[in-house]
Structures are given as structure tokens and as C-alpha cells.
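Chain lettering (A, B and C) follows the sequence in which the chains are written, and residue indices restart at 1 in each chain.
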Amino acid sequence: MKRLAAFALTTTALIATPCFADAQPGLKHASPELAAVTRDNFYDVVVPLAKAEGTVVMYNFAGSFADTWNEGLLKRFEEKYGIKVVYSDVKGDQADQQLIAVQKAGQDSPVDAYFAGGGDYSILAPSGVVGNINLGAVLPNLATVPSQFKDIVFGVDVHGTYPIVHRNQTAIGYDSAVVSEADLPKDFDALLAWSTSHPHQFAMTLPAKGGSGGGFLFSAALNYTSGDCRARLLNYSKTKDENEDFALNDTCLAPVWDYFGKLLDSAELTNGNADTLNLINNKQAAMGTVWEDQVLTFLRTKQLPESFHLTLLKNGQVGSGDAFFVPTTALHPAAAMLLINEAFGMDFQAFKMETKASRSPRSDFDATKVSAETRKYLLPDAVYPSLSVAANWPMTLALTKALDEKILSKR
Amino acid sequence: MIGLHRRPRLELMLLLLPGAGFLAALFGFPLLTALLGSFGLVGDDPALTLKFYARIFTSTVLLRSLATSLYYGVVPVAVTVVLAIVLALALRRHFAGRKLFNGLYKIPLKLPKMVRDPWGIGVIAATTWKQLPFMTLVITGAFAAIPEDIRHAARTLGAGPIRAFLRIELPLALPGITAAVLLTFIGSMGSFAIPDLVGAPNPLPLSVRMVRAFAEGDMSQVFAIGMVLSAFAFAVLIGYYALTSRVGTAKGDSR
Amino acid sequence: MAELQLHSVGKRFGDTVALRPTSLEVEKGEFVTVLGPSGCGKSTLLRILMGITEASSGEIVLNGRRIEALPPDKRDIAMVFQSYALFPHMSVRKNLAFGLEMRKVPKDEQRRRLDHALQICNLAAYVDRMPRQLSGGQQQRVALARAIVMQPSLMLLDEPLSNLDAKLRDSLRHDLVALHRQTGSTSLYVTHDQAEAMAMSDRIVVMNGGEVVEIGTPVSLYRNPRHVFTASFLGQTNLMPVEAGNRQARLPWGDVVPLESNHRGAAVVSLRPENLALTPDAAGHGEITAVSFMGAQANYVVRIADFNLKASRSGGEALLEIGARVAVSVTGPVSLLAETPALGRAA
């Protein structure tokens, strides 16, 4: 028995020893030259280094984007620079945990350029996975990207290490063959009224299982609060516990819970983003919480009827985005930076807007350039970008848990 | 190596090392990590705490999830075992089996909306469908192990087919049936895919919550939920052995 | 009227005939044995009587009732299985009480019958034991008792002694016969063991190849078999080709013996070993080629006129040696045999 105790203790000690990553280390495999690169000498320095590396490994967390990456970026990148791209689709949460584990073990990252969820920064950063290189300041194609998409992203100070390459928008989607323009709700109150008079026709994605629902929850919270309460919702500097405590206990959120208590009496909760769209496609619901870009993909693959349209409610619905970054211990940092730069280029930004309704973070991007065919599937100019508001995912998470606790667990 | 023969215990341990070592490395070690992690002893800021367990047993949300997990564990298994017994008996006679199958495969086409409903009909149906082959196989074996003569004896002693089944065959097949039920229950309670896809969004079973916690990077909560599910599975097994060890002395092997 | 009557009961499986249409009768209280080698149809007959196999043709009448269409639980039959088929999860008492419970026999009557069966089968000491705690012989007695308590119109016994060793078999055979005398139950006993059949039965039904060959008492079947199969299956015999005529038969080595039948021409007779006398005689036509001393009996093989005859003498007499020359004479009756079975087939 003594031997067993000793074994257990040793094991515990080994596991419990945290691997402290140095505060703000640079990219492990970047030469001093690469580490010191600027926007002016970027191509001169990076291209030869990247070609010398010869290959770059890319992860994509968004399944529906696979063909867009390959057709729109990777083929051209390979042709242009002669650098081979090794591409993988991954499951976001699993890849995140993998990278964290690898980082903690002091090993090299299996990926060089990782297209990851915008809200994942807070999961990845603490263990030092996100490479400390200010891509926002260094990559030429990020010159025209405003600060909120490269420096302070969704309230978190990322110092340009985690730039948003793809922007998306939560919205309300509806079958215009069933819901006329006259009946279409314009704000949250009207939506509640519509849902009450059309029970089980409004499909709301369960916030815990899909961002279209989470975004809706946060948007409603912003709508039904004001002053300090609303400001608190948009406060990005609070800890997870503080957010959860606020969401669960603060009385200023009462109107929000009141709203959802009533809404969920008639609305249909779904199991995810795709589930909501499937319901509407199968005529089990007429309206639902959606992502604009996912809708385009479904429309193109005939998984939604042609009569499907989008709108945004007053006083605004959440817009979000996903990032493209270089992990700290990436083996081919120069090639990765070159690839990421290419992803922010006009060609690819236009391509992905056209194919996936992926909005660009670049302020010099002309969204009207998109084809007429695509245009009719996007949000109408009357509502976008005027009714788009910024997301606060940590707070959204806290609100989701509070919704569970206060409303869902009582049904 | 001669020295080893003089130390049989050492020799035994060395022989067991590959197999037991493999198990210890790939199962034991992660399990130990999960156990320690559930008490908060793994990760960036290790500190012994019961809060992850406390959450499961005090939070209404997670308690309902536990109840849902139990529901998704028990009900499909109950439905499956009844169906499996019927199937096992039907398979003994060719003609009845054919009629049964003709009806059986048509059923899924005729049922109405079965997903996302509060009673979990979709989950129960899909889980039953998934578990049925294994259960039927084991239960058919359990009944086949009963000598034919015993059934005939019951019949000639005046028992009709139903009473012969209930009083003689079922008790004798019970050890096999119980084993099938318990094995299936353990998997059923922790099942993720089917409840995630066709279950009601509310309440979510613990397995789905576990995946969500993983996505949020809350590993300690993941470990705690995993431990609770494992503990239930373990408790069920202990209960099984406790029950059957007593019943075992009452049943005998016929010579 | 006979307790059990079978009228042309037959069974075919597709093109295979397992049992040719068979008729036979068992009187009330009789102990009848169905005797034959494996595959003779006796198991099929048993299963049909039990009710677990449906006959392809024919009727079964038991105690005045037509039962061939009834399920096993509605016939008044109790069966003792070769494998005993005791319910492993029930004690001896519960095993015995099961059938009584099924037939809704009143409680006090149940107890009475139970006690009686326990007593005559000598099982009182084991009443609360589980089957796996009993020896083979004890299990067999429980199986028997379980059938006896039912007081059925017909008892069926399927080779119940074949799983026991020789000594036990002997003693249980005596018990079975004694039990039968005590209970007086009409019994149909199935076996392949001819010694058993002859020792226990009032009558024997000899079967072979799916049909009844001959029916008779043990003595008549042994001493006057009418069929080749019966003669060779029951005990030992010498099948001799003879010339028959004038109520006489000439044996191959020239001896002439009386014949009951007035058959003329070539025939086959059955000559039992114990009906051959061997006398040492240097000029005798026979030569001893084999000797087996069995204790109470000594068996010999005698070569005479190109035939190997089986002969037996009392073990008390002086043993003959191999090679000894003997004179052979017939000291008992011979039976004329027919090839085709005369009985059992539907007219």
C-alpha cells in the first residue's frame, strides 16, 4: 500500500506542476529577422523565408468553409509562391485542447496557421498558444483593417495577434412565402407578439448549442436594458465568475428574463444552428435565429427554399467573426504569416463574400461589388450594417448559463 | 532468468506487465487524471475543491441533466429488453419471426414527429434501435442455453406456453438477460450522439453538458461530470453483483 | 377398452418418413416397452405422444379422449426425461409441486400426493435440496416422483436409466418395477436396451426403421420370435438357413428338428445358444473356436459345416477348450422367421 501511495503522490505532483509559459514569448521558430519584420519590408523578408520553409500546415474549424479556403486561397497561394499547403478540417474545441496540451508540454505545434473561432482567444491565450506577433501591425493586407478587428477583438486586448479575417452576422431568417413583409416583426416586442400568435413557428437555437441563439440572447439583453446595466453587458474586462454572478443575480436583467419566459412559451427550441434551418426548410417553423453566412451556404446547396430571406431586429443584433493566427511554437512561421496575409487580400475577401457571405473586416472593402445573385441572399442594405452590434461572448456565455438556470430548468 | 523461477511473484508481475501495463497506461492513467482533475487538482491553478461536484448536485440545471441522463439510460433499455425478449422468442420459430419482421421494419416510417419532444420519444426510439441487435443476440443466447427438455417438462406438467415461459424459461434466462441489461444501461446512460441530435434541447443530459464544458475549456467540470457518470455505472455494477450473488445460490446448473 | 390406443399414427418430415403409420394399444396398468435401436422411430413416437411433435396422420385416444390435437399441457400425460429435466432454480419440493400447481390441485391433496411420492421414491431427506446438490440416481428419482404425483392416465419414460452406471441401473430398475406395481400407472417405457426391456415389461413393442416389427410379451418374443430383427435384437441367436417340410427343418449339418409351422421349402430359423448342447467327441463335427467365461454362463463359438454357431452352457459345467471337437445337438425349439414385419402396419 505504501508503494501505491507513493505512486499516486508522484503522479499528482507531475500533473499538478503547471508549465509556466514565459509571459509574452515570441514565436519559437522565428528567426530574429522574421521577429523584427515591419509592414514596409514584409514581402522582402518573409517571402524568401517562407519559400525556404517550403510548406505550411493550416487548420480550419468551420466545416462549411473547406471549399472556400481550398478554391479561393490555397490553390492560388501554392501557385503564386510554390509553397505547399497541408490543409486539415478540425473540430474547434478538440483542436484548441490539443494545442493547449502541446504548448504545455513544450512541444512544437502541429499547425502553423489556424483559422479559429473568434471567441476562442480566452481559451487559447492563457496557456500561451497564440503566437506573440502583432500581425495587425506587420501584415500589409491588414493595414486597412480597423482596430476593433485586430487590436481589441470583442473586448479583449489581443495586440494584433488574433486578427478577425471572417466576419459574420446573426440575424432573423424567415420563409417569405409564409411570412409577408407586412407581418414581419421589426423589433423584439413585435417578434414576441408574432411568436405568441404563431405558436411553434419561431425556432430559437438553444444558446448553449449554437451561436445564432447565443447572439439572439445577447441582442435581446442589450435591447431590454439601458444605462449602467447595458454598459455592464458591454464590459469586456470582467472575469468569468463576475459575469456569471451578474447574469444570474443582478435584478436589472429582470426584463430580459421576463421576455424569454414569455417567448419560450410559444417558441420552439432547437438543437443547433443547422437544426433551426432544417426546421424552416421542412416547414415545421416559419422563422428562426440564424447566421447570415450559414444561410447562404444552405441556400446554395438547396437546403433552404428560395423564398428564404433575412432581416435584423431593432435595436440591433450581434455580429461576430473568426480569426486567423500563428501558434507560438509553429514550425513554419514565415509561411504562415505569408498565408495569413494572403487571406486578408482583396481577392480572397471578395471570393469568400461571394461564396459564403463572409463579410470583410477591411474598411476599404466594397460590399456592393458582390454579384446580384449573391446580393439577394444577403441582409438588405436597409438593416445592415446599421443594425449590427458588437458581440461580447464571455457575457453571452454567462447569460446562457443564467437562462438555463432561471428559465429552462423550470420547464 | 533462472533466478525468476525462484521468485514466482516477480515472475508473475513481469508476465502481467504488458497487458496490465497497457491498461494502466491508456485507461488507468487518464482515469486517475480525471479523478484528480475533478477535485480541481489538475490544470493551471490546482487547488483541492469539491465545487465541481457541488455544482452537479446543487445546480438545478445539472441535477435535471443527471435526471435526464438516468431517464435516457433506463427507459430505452427497458423498452429494448422487452422487444429483445419478444424477438428472441420469435426467432425460435421461423414463420412467426417473418411476420414480426414484416411489421417491425415498417414502424419507423409511420410514427409522427419524434424529435426534440419532452418525453424523448425520438431518443428512446433511436437508442432502442441501436441497442436491439446486441440485446437480442445476448438474450437469444440466454434462452438457447436452456435445455429444450426443461421446456417440454413444464408443458407436460400442465403449464401452458405463457406460464411455462414466465415460471420456467424467464427465471432461467434471467442471468443472461440481466447481464445484457446492465451492460447496455451503462452505455445508454452516458450516450451522447443520439440525445445530442434528436433529444429535446431542454433539459440536456449530462453527456451533452460534458461536451459543452469541454468546448468552453472547463476541464475540471468535464472531469467531475465524467466521474459522476462513471460512479453511477460502477454503482449499477456493484448492485448487480450484490443481487445476483444471492440469486446464484438459488439457481443451479442442471446436470 | 384399452387405456391408450394409437390408430395409424405416422410422421413424415418432407419426404422422409420418421414413423410409418402405427397402431398399438396399451391396457390400463400395463407396463409396455418400446424397444429399438437409434433411429427406429421410438423417439418420434414419444414426442408425438407428448404433444411436442404433431403427427402427420392418425388418431390417439387416451382414457376415451381423442388427444392428438391437444397441446401438451392439456393431455393427461406425465413424462420422465432421459436428462431428468428438473427445474434447476427450484427445490425438489417445488419441482414436485409444480405440476400440481399447474393443474390447480387443492392444497391438501397436493400435500398428500407429495408426501406419498416422496415416501415411495425414498426422497424425504432431500425435499428441500436443489437439483444440483443431488446425485444422478437421486435426480432420476425426483424426475420419477414428479411424474408420479400427477397420477396421469399415461406415464412416458424416455430411457431414464441410460445415464447411470451399471450397478445403479440394476438397482433402479428393480425400484421402477416395484414402483409400477405400487402405483399401477399405465406406462410406456422407451429404451434401446433389450435386457432392460425384457426384465421390466408386460409387453414389448419392437421397432426398427420407423415401423413396428413385432409386439409380444418378453417370453413369447424371446422364445417365439416371428421376425429376423426380433430374434437378433433380443438376446443372442443363430440365424440358420434350413430346408423345411412335413413340420420339420433340416439344419445345415444334417440334424433334423421339429417345426411348428408346415412351411415347405427354404427358410430361416432362430436357434438360441442355450438350446445347443455340446458334447466332447473326438469324432464330432463341431470344433470350438472361441470361449468366453462370463461367470454364471460360458459362451462358445462352434465351427460346424462352415457356420460359426453361438452356444452357451452353465458356468458351473466344465469349460471346453479352443480346438476341442464336439458333437452338436439341438435341445430346444427353433422359430421360423419371416422377413417382413407382420404387425404394426395399418391394414
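Just so it is clear, a contact is a pair of C-beta atoms (placed from the backbone, for glycine too) under 8 Å apart; a residue touches a chain by one contact, two chains touch by 3 or more.
As the structure is a computational prediction, the values presented were derived from the model and not from experiment.
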Relative to chain C, the most remote chain by C-alpha centroid is chain A
Averaging each chain's Cα atoms, the one nearest the global Cα mean turns out to be B
Per the C-alpha centroid definition, the whole-Å distance linking chain A and chain B comes out as 38
When centres are defined as mean Cα positions, the distance from chain B to chain C in whole Å is 54
Whole-angstrom distance, CA centroid of chain A to CA centroid of chain C, is 90
Residue positions on chain B within touch of chain C in the complex are 147, 149-150, 152-161, 163-164, 167-168, 171-172, 250-255
Within their complex, chain A touches chain B through residues 8, 11-12, 15-16, 18, 92-93, 96-97, 100, 123, 126-127, 206, 208-209, 268-271, 284, 397, 401, 404-405, 408-411
Chain B contacts chain A in the complex at 29, 32-33, 36, 41-46, 59-61, 64, 113, 116, 196-204, 211-212, 214-217
Per the touch rule above, chain C residues touching chain B in the complex are 50-52, 71-73, 75, 77-79, 81-89, 98-99, 102-103, 130-133, 136, 139, 146, 150
